[in-house]
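One structure is given below, represented as structure tokens, and several questions about it will come after.
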Amino acid sequence: MPHNDLDALKLRLRQFAKERDWDQFHSPKNLSMALSAEVAEIVEHFQWLTEEQSKTLPAEKLAEVEQELADTFVYLIRLADKLNIDLLAAADKKIKSNEEKYPAEKVRGSAKKYTEYE
Amino acid sequence: MPHNDLDALKLRLRQFAKERDWDQFHSPKNLSMALSAEVAEIVEHFQWLTEEQSKTLPAEKLAEVEQELADTFVYLIRLADKLNIDLLAAADKKIKSNEEKYPAEKVRGSAKKYTEYE
Amino acid sequence: MPHNDLDALKLRLRQFAKERDWDQFHSPKNLSMALSAEVAEIVEHFQWLTEEQSKTLPAEKLAEVEQELADTFVYLIRLADKLNIDLLAAADKKIKSNEEKYPAEKVRGSAKKYTEYE
Amino acid sequence: MPHNDLDALKLRLRQFAKERDWDQFHSPKNLSMALSAEVAEIVEHFQWLTEEQSKTLPAEKLAEVEQELADTFVYLIRLADKLNIDLLAAADKKIKSNEEKYPAEKVRGSAKKYTEYE
């Protein structure tokens, strides 16, 4: 039984690959490439827009971006599965570490600070 | 109240950005760039490895890759939030569409077919 | 004898890889990954900047971006060499094709058109 | 008068953008995104291929990859132009620095060393 939604997706994607005998192509190396190609399709949607325009996409374009986000998510889950990485736990750990690294009172509000601390 | 783990992460990340006044930098355009930069750090770990080596990373390297996956996940959740996209629903829809697009009995087992259908 | 500056760089990079016995790592697949990782380092410099800020980088940051552009150029030349592609001829052909695809009088001046035609 | 082939391409691309009034979209930030999207199209061609397969592309696929390399080259030249960076000089400087950083006798032949020194 899946423990949560992410787990459920992971199992479905395993099944999907298994039924098609596509596991042979899903080395972490290859999946990292597929992941980066999907993210680039998101970038492509935004490359000539201003930041403001990127906040208010027309419905049709938003629907396309949604599909690219879904593809990215799918490959990220698949890659994490192949490496036995628990995405939720990893994100939790990373956010905690970021909270210590960038204390709110120290970094607040300045673009310059943001860039430097990044 | 968050409805699930992903929702909980989304709310935590909102709070994190708000406390630091970093929302101003988080346009979808900028977040798509940050997402692609994080994914590239995953790619960098695998670029000189064989596919086989990418499956059996030494523990230290795996821990680094785990952090890059976490960063990628965090920016993906953040970008989806800014666009009001529900990642779980989008992935569900995409997998269903892929199941129809690539029927198992039709595409099974052939690298050539896999590449063409991709 | 190299026929032009690009040719000269290509031969130097061949020699560089040969002397270090690194040719074995330079499959087109791997080089495409290295190329994308270098480009992401350029993107990283710009991700939190406004478009205006990206036009007037401080000297120190510009020097860093220059190095990332050099790395990108080096891997692009190397990848083209491995695929026996003549970059200058390919670019010439592409620009000619773009000139026909986007006639100036038809596409001039409109962001909307630019995006659509892209 | 252009001083070399790269210079000539740079001037042609300037003219191309000017005639279409597209300069307004070509901030370094935007061009870095376009560059990364083009490179991802190269990566996409190689993602499911083995390293060996990537060395011997069928003619049709090679022609497609050639176009993606041309697009990448075009955006790289354009970005360098906008930042007043001389690509040939930058590459020359980078290669010299790499020659010192990775002395042939020290790094030769070992994948492990290659990865570490990278």
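All chains are identified by letter, namely A, B, C and D, in their written order; residue positions are counted from 1 within each chain.
To be clear about the criterion, a residue touches a chain if its C-beta (ideal position, glycine included) is under 8 Å from a C-beta of that chain, and two chains touch if they have at least 3 such contacts.
All figures in this text were calculated on a predicted structure; none of them were measured in a lab.
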item	value
Chain pair with more C-beta contacts, C-D versus A-D	C-D
Interface sides of chain A and chain C: same vs different residues, half threshold	same
Chain centre separation in whole Å, for chain D relative to chain A (CA means)	26
Distance from chain D to chain C - Cα centre to Cα centre, in angstrom	2
Sites on chain D at which at least two other chains make contact	25, 30, 32-33, 36, 39-40, 43, 46, 48-51, 111, 114
Chain A-facing residues of chain C, complex	32-33, 36, 48-51, 111, 114-115, 118
List of chain C residues in touch with chain D within their complex	4-6, 9, 12-13, 16, 19-22, 24-25, 27-30, 32-33, 35-36, 39-40, 42-43, 45-46, 49-52, 54-55, 57, 62, 65-67, 69-74, 76-77, 79-80, 82-83, 85, 87-88, 90-95, 98-99, 102, 104, 107-109, 111, 114
Parts of chain C lying in touch with chain B, wherever the complex brings them together	25, 30, 33-34, 36-37, 39-41, 43-44, 46-48
